[in-house]
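Chain IDs A, B, C and D follow the sequence of writing; residue 1 opens each chain.
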Amino acid sequence: MTVISARLDPSAPEAAIAAMASAVTNWGRWGQDDALGTLNLIDETARTRAAGLVRTGVSVSLSLPFDMNGPQQGWRRRTNPVHTMLDTGTDAERGVQGFPHGIGGADDVIAMPLQCSTQWDGLGHIFDHGVAWNGRPAGDVVTSDGDLVTGIEHAASVITGRGVLLDLGRHVSPATGELDDGYAITVDDLESCVDAQGPTSAVGPGDILLVRTGQLTRARRDGWGEYAGGPAPGMSFTTAPWIHARDIAAIATDTWGFEVRPNEFDDAFQPLHQVAIPHMGLTIGEMWDLDRLAQICAAERRYEFLLTAAPLPITGAVGSPINPIALL
Amino acid sequence: MTVISARLDPSAPEAAIAAMASAVTNWGRWGQDDALGTLNLIDETARTRAAGLVRTGVSVSLSLPFDMNGPQQGWRRRTNPVHTMLDTGTDAERGVQGFPHGIGGADDVIAMPLQCSTQWDGLGHIFDHGVAWNGRPAGDVVTSDGDLVTGIEHAASVITGRGVLLDLGRHVSPATGELDDGYAITVDDLESCVDAQGPTSAVGPGDILLVRTGQLTRARRDGWGEYAGGPAPGMSFTTAPWIHARDIAAIATDTWGFEVRPNEFDDAFQPLHQVAIPHMGLTIGEMWDLDRLAQICAAERRYEFLLTAAPLPITGAVGSPINPIALL
Amino acid sequence: MTVISARLDPSAPEAAIAAMASAVTNWGRWGQDDALGTLNLIDETARTRAAGLVRTGVSVSLSLPFDMNGPQQGWRRRTNPVHTMLDTGTDAERGVQGFPHGIGGADDVIAMPLQCSTQWDGLGHIFDHGVAWNGRPAGDVVTSDGDLVTGIEHAASVITGRGVLLDLGRHVSPATGELDDGYAITVDDLESCVDAQGPTSAVGPGDILLVRTGQLTRARRDGWGEYAGGPAPGMSFTTAPWIHARDIAAIATDTWGFEVRPNEFDDAFQPLHQVAIPHMGLTIGEMWDLDRLAQICAAERRYEFLLTAAPLPITGAVGSPINPIALL
Amino acid sequence: MTVISARLDPSAPEAAIAAMASAVTNWGRWGQDDALGTLNLIDETARTRAAGLVRTGVSVSLSLPFDMNGPQQGWRRRTNPVHTMLDTGTDAERGVQGFPHGIGGADDVIAMPLQCSTQWDGLGHIFDHGVAWNGRPAGDVVTSDGDLVTGIEHAASVITGRGVLLDLGRHVSPATGELDDGYAITVDDLESCVDAQGPTSAVGPGDILLVRTGQLTRARRDGWGEYAGGPAPGMSFTTAPWIHARDIAAIATDTWGFEVRPNEFDDAFQPLHQVAIPHMGLTIGEMWDLDRLAQICAAERRYEFLLTAAPLPITGAVGSPINPIALL
């Protein structure tokens, strides 16, 4: 990977992406029909071992609230969730619902982008030059009817396994616990964080890696600002080989876009996505709330847990809102 | 409970509901500000023990697909989910997205009732004579702004614990594995099922009970028909004291409405809901897919597992779509 | 046109469509940048004359209600409108809205396909072998971002002019006023109807032609059944040259799909659309309620009026819900 | 009316509103079952006369675009419209739609608040101390099921008649054509504008009055800013008696909220709405684009026209998006 990162030329994203893609490709690794990518790396043994990590029974939700106070500002029609009621308690109380024997009810509806808040990006979410995961033409995969091949429903039962938290915010910036916007997390950062946090942080095959930058902590304190799409700390493009070599099953961060922004090339948009999703087949989580988990992990000096982050099996979706649960 | 069920007069639902409500009430049990009801019964010890049940690492999704082929037919504006794309692979492939260096993407949006498919009913979902869980006026709890007091977001982190499957379909109708529509599951049925299934089926405090009727198996084979709201097997009104006495944390079934339909009173609508939600504070799951889980449980003669069924923390929601995961 | 209809071979739709397309094409007629097609034919003189037709001041809405009781059954995700409230009178009355000095309010939201009820099909709605109106590649015109070239907003101000009703239901089937499903309205039918109805029915350049089949009358009486997409009376494929020769600006019917269904070719789907929209540039109205208008026209023996049927200028939409107003 | 405006005490909105309400009430005027309010004042004679005003055949759309670039910022869940595609030209071109003989199509969906852009406020939109138009309890009128009594569908056919433009922006501020935010349009302003514009501006029974402030011109130039809900020029509370005395059928402005903002009382929210809608039964239009119309009217020195502004008949809606058409 040193080779690749050494030749990173900010003015030539396309060449760098192509080189990186070919270095980390998993095409064909799980067969021609694969719809799971690196999620294949979470097997039953991994899950059994992960369940064995549970000590205290503390469960932590890693999800932001889903409501109108979220970070979205309309970019590419991504709005915050609009939740409306079909029936209410005020109606029930007033007796206008027409039900017998005093029963009343409330029902509700939601309209939301699947990428509006805490979420998984599915394998149909990103393409490289019109090519999707496993080398398929993007137009064979995702049409207006949704993802016909790698829809998030394929991952309905598989995303439960060992989670590992790397608290880069606290490791790199112990005073504040927050990385600055634009900070690119490198392989050295990741490895020194693992070392500092100790053996429960070792990252290996089938693990779901959670990387805390602290940007969400800042947004919660100072307001969303440009959280959805603006400058942010995040994974460097150069971490792709590290992720690949460790056979990580999935990665999530507490930022909008997983990778550092502005991106590390001059005129660029999410180059690490372009490598990680269509070439590695990596499922990526974004806008996860890792703050309470980080506090517990630090207090217990234990950074591993059973993580269950099942997507809603929305047929043909290229992502899903989720409420990931860490069970410690 | 014999006393109560003995005096069940089909022509007098209101009196029966009032009597039952007062027999099984949990009002005040967890304080005046409680927003969780019986979910309080899942504590950290219960979760640690539940994690200890994992043997094989097999994980099973208990969720139906979320798509237009679902069971809803428009009753009270409950539709199936409408999933649309904001960006597609066909667009990416054609190069019309305006991104640099060959990256392309797909994004999506969903509009759906929170009660359209596999789901939890939150504590604000049902009222009794204008009164919500814990004795609050319904109009103080659920307005057009949603559930201001007991919204599903309060349960974001808590619904992970021991799940127990009672396969009533297989127990009562071994030949087909399916209960007839209109079959009311009684306390005797539940207890004889526990006995027959053996010690891993014992139901106690803090457990999440899953009751399989087999109706979903039938609907999957024969078509939805009136699955959403029509006749169905389900829990008898008379089971409320049994549920209450065992301190069950939550119950879910493979039917639209949890309780038997037609209901057991002449002119009635979901009387067991009217007792269970506002009076017991019971969280109820509906339209869960228990078929594959039931097969595994039967094969292994093991009916307990770690269940994680975290709602999306939609602020103020009276329910949530979910993808419950059983980890065996 | 006789030539074309004479060689209609039910087994060869593609050849017939190609021949018809080339007979009736308007490509280039209004310039390379045109976004209006035959709507260009409604000019200011036509509008002034149309205003001069108003005699009694009776105004008639030609729109169906927009609600959950509509005809849609989910075909290609076309649902009926879902209308939900953001604020209600029950909330206002109860005083939970937080406004000063006793003011209260109600607000609402709608989610609906633009093709769910009374509507215009815009010029981006139909393609022929990947080609859109005026010869543009379909993928240059309509992406996931909507219709970038011929969106319905271009027609925001133009669709007001002379409307003419041809009541084919009453003309062909005087006893019932309804054409049978599958009845293909021919040029002879149209011309004999004009003759029978008299001079106010003459159809010429810039007119908006309304064709009543009576199918909606039947659906209103008997239930929607397969109104949305099933068998229906409607325009024969062979009427395209007649429409073209008369320079009609737009046509609307009281059916779901404007043309006869089943279509007149063996394995076919809406061949007249395939000619009329991308080749003629014809704006087509569907599911218009022409019943009350037909009664008035028959009573007054006057079949012309000022018609205003402005689409909502939804940017990039390929259609629009409308409430057309006939002013007599 | 001088009496009422003279006693306007900024610290006492409630008393002023009550006094004004009783001065201008129309309760009972059109019977106990009325669902139209002042729209009753547009009769067939008025419509025939209005059609007679058409001279040039120029038609002008008075609607803003409906898209994500609109003014809404999420206040009370009012978002801009979200328009998504069910089928696209890119899909059609690529041949993935499964239709025969080369036909392809595009369809679309919209999700939007009915109050998000150019619109009518229906009679169920505002209440005074829990009371709706004609003295009905608000909770009898608008529940979660929508407006059960005065839904906008009742006005489906009636809103076509004589429109009159009063260009207050140009009249009061001839240099800029724009009133400052916070400018309260008074009766004197209205009357001197009528005088200045000449006899075609006379306002009388059944007219639909359009008041241009110029704020939209400013927003179009400078960006939306707080257009949706912030400071704005608009009608003074004290104009209610003038509106009432003239028997105006409906009024619309080019601002978000029709009346001046900040409102003329200290702690207030839309006091003129509170009088005009529930007491006068006045239908109010907001966010109308009057700029091109104003230019034509000024050029021709003719301020009257046929106006057709039919709401979509959304059953039970308290408002409707519209595309009003002025035909001159």
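Heads up, the rule we're going with is that contacts are C-beta pairs under 8 Å (C-beta built on N, C-alpha and C of every residue); 3 or more make two chains touch, one makes a residue touch a chain.
Protein identities per chain, from UniProt: A, B, C, D = Cyclase family protein.
This structure is a prediction, so every number in the text was calculated from the model and none was measured.
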{"item": "Winner on C-beta contact pairs when A-D is weighed against A-B", "value": "A-B"}
{"item": "Averaged-CA centre spacing for the pair chain D (Cyclase family protein) and chain A (Cyclase family protein), given as whole angstrom", "value": "45"}
{"item": "Between chain B (Cyclase family protein) and chain A (Cyclase family protein), distance of the C-alpha-averaged centres to the nearest whole Å", "value": "28"}
{"item": "Contacts with 2+ other chains: residues of chain D (Cyclase family protein)", "value": "77, 82-88, 90-91, 93-94, 96, 109, 111, 139-140, 143-144"}
{"item": "Topology of the chain contact graph, where touching chains are joined (line, ring, star, complete, other)", "value": "complete"}
{"item": "Residue numbers on chain A (Cyclase family protein) that touch chain D (Cyclase family protein), as the complex places them", "value": "68, 74, 77, 79-80, 82-88, 90-91, 94, 96, 111, 139-140, 143-145"}
{"item": "Chain A (Cyclase family protein) contact footprint on chain B (Cyclase family protein) (complex, rising order)", "value": "13-14, 17, 43-49, 51-52, 54-61, 63-67, 69, 76-78, 81, 83-90, 92-95, 99-115, 124-130, 132, 137-144, 146-147, 153, 156-158, 160, 265, 267-271, 273-274, 306, 308, 310-319, 321-325, 327"}
